[in-house]
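Letters are used for the chains, namely A, B and C, taken in the order the chains are written, and counting of residues starts over at 1 for each.
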Amino acid sequence: MLARTCLRSARSVAPVRNVASKTASRSASTSSSSEGAASSFTMTVAGSAATAVAVGSIAWYFHLFGQEAYAMTPAEEGLHPTSYPWEHLKWNKTFDHQALRRGFQVYREVCASCHSLNRVAWHALVGATHTVDEAKTMAEEHEYDTEPNDEGEIEKRAGKLSDPLPSPYKNDEAARAANSGALPPDLSLIVKARHGGCDYLFDLLTGYPEEPPAGAAVPAGLNFNPYFPGTGIAMARQLYDGLVEYEDGTPATASQMAKDVVEFLNWSAEPEMDERKKMGMKVVVVSTVLFALSVWVKRYKWSPIKTRKIVYNPPVKH
Amino acid sequence: MAGLASTIYNSLIRKNTVFLTTIFASAFVFELGFDSISNRVWDSFNQGRQWKDIRHKYVQAEEDEE
Amino acid sequence: MSALTSRSSALLRTCARQRLAPIAATSMAAQRRGKADQATSSFDSPFRGETSSTKIPSFASYKSSKGETSNKVFQYFMVGTMGMLTGVGAKATVQDFLVNMSASADVLAQAKVELDLSAIPEGKNVIIKWRGKPVFIRHRTADEIKEAEDAKWESFRDPQPDSARAKKPEWLVMLGVCTHLGCVPIGEAGDFGGWFCPCHGSHYDISGRVRKGPAPLNLEIPEYDFPSETSIVIG
């Protein structure tokens, strides 16, 4: 129906089309026609003008939208982190669990005084960095609120494996009050939550200069760190050589501690990484074979169709 | 060769039910084998990195303390 | 890259070729028929000097040198292997979704409750929460144990001897949920010196067996264990 309507309308515009095609054929054959000279000049002018308009509008559009927009000054952006060859970020590597254990030690002895890690429970450490008994012992060192008892009072009890790691402050307000207005962020997902991930955290932890460079404005109560967006960070430098004594005897340099704690925080952000990569490897292997097989089967099924020849036997004349 | 092929064809493929059963049985066997092989490959990629590789240090230490 | 592609496609082509033989045969037959009809055909070939419409090239070089059976075995092997791998993948996928529904690590961590028994004096009830439900733990006295064991349990509504309800006779561990409609019974109450459900008046004896009232079953016993003399793990 629609097609028929279209056809009818096409027929009604046929004269117009004829005129248009005539014009087109004339301009296409200008070089050979007698009125060529003037017409070729107009065509050149028109063509050049059209080109100029096209180029100009593209240039204008690019001027408006094509360029990268920098909303921030480089200082506000922060120095981009160096890309480090993290072993655990390779596609076929798990976390180094010895490093996780060291990293947890660093977190517990250094970071935990201000930062919470409340999406990690004690039982998560079991089988990753600590044995059941170690985790139980550590959990029992902390007190947690009980559920309301018969009188509705909330009492204290020793921690259990099912409890999350304790927060250093009761709530965000208490944390702000204790840190002159700055809230130490929860570190559970910090590796996923910051641009640059592990690289950024490592650079942030180890990138505090001895003193701010000349000309840098450091507001009162803040510290200078070139990697932190805005360069003024409320956290002071925390990691110094020998701050922690590792139980496995690894020399506790500042960069070693930073590396370990960053790896630990990466684990806390994605504890499933080991399993995920292992499963990914299996999936890739099986899918590759499956893909090759399916290509073969496709060709197998199509080969009669692709190689057939249709023979036309014309009718016999009588 | 031809004898082997026709033996396989007649025993496993000729009847559709047998063929399907063969496929499912081999899927079961394959899964076991593939899992164990890929786990072994994975462990060799990650020698000394996983918890099971360092666990003995801490379990041992605790038994000594007791 | 292109070398690899061409080689792999050549390989695949070789694999796919084996089906060609019968097709070639049919088209040959067609050609022959064409030739027979040729003399009287009205066909006017657009190609100069060409009288036949059916010029079929020779497919002889594509013909498999192996027998039919071994080619079939190979073809079924390829298809079967694909089915097998698909099956393995589908099974793993379904399994992952089902495992997703099982208890998560934080629930499992709460699934067991450990309790110090030395803090419970004889003849006292303790109520703890386990998986969101109350659990009664009673340190029974010698008299109570005797009473529980001597009761004529065969005639009860839900006949159970006391030995089936307590692993150690001095410790009775039960889920504190009335089997009638799920109220929490009151301890040391009721006509039989055990528990009494205030909602609809079910009476339980000192072994937690229902003796009177609408409750159909005895109080449920959770799984528990005594890892040492003075501690209990429920769950």
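Everything that follows uses one rule, which is that a residue touches a chain if its C-beta (ideal position, glycine included) is under 8 Å from a C-beta of that chain, and two chains touch if they have at least 3 such contacts.
Labels paired with UniProt names: A = quinol--cytochrome-c reductase; B = Complex III subunit 9; C = Cytochrome b-c1 complex subunit Rieske, mitochondrial.
All values reported here derive from a predicted model rather than from experimental measurement.
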Minimal step count in the chain contact network, subunit A to subunit B: 1
Chain pair with the higher count of C-beta pairs in contact (A-C, B-C): A-C
Averaged-CA centre spacing for the pair subunit C and subunit A, given as whole angstrom: 35
Whole-Å gap between the CA centroids of subunit B and subunit C: 20
Subunit A, residues touching no fewer than two other chains: 286
Sequence positions of subunit C contacting 2 or more other chains: 85, 88
Multi-partner residues of subunit B (at least 2 other chains): 34
Of subunit A, residues touching subunit C in the complex: 121, 123-124, 147, 160-162, 283, 286-287, 289-290, 293-297, 299-300, 302-304, 307-309, 311-317
Residues of subunit C touching subunit A in the complex: 12-13, 15-17, 19-20, 23, 27, 30-31, 33-34, 37, 40-43, 53-54, 56, 59, 75, 78-79, 81-82, 85-86, 88-89, 105-106, 108-110, 129
Touch list for subunit B against partner subunit A, complex: 34-35, 38-39, 41-42, 45-46, 48-51, 53-55, 57-59, 62
Contact footprint of subunit B on subunit C as seen in their complex: 67, 69-70, 72-73, 76, 80, 83-85, 87-88, 91-92
Partner subunit C, residues of subunit B touching it in the complex: 1-2, 5-6, 8-9, 13, 19, 22-24, 26-27, 30-31, 34
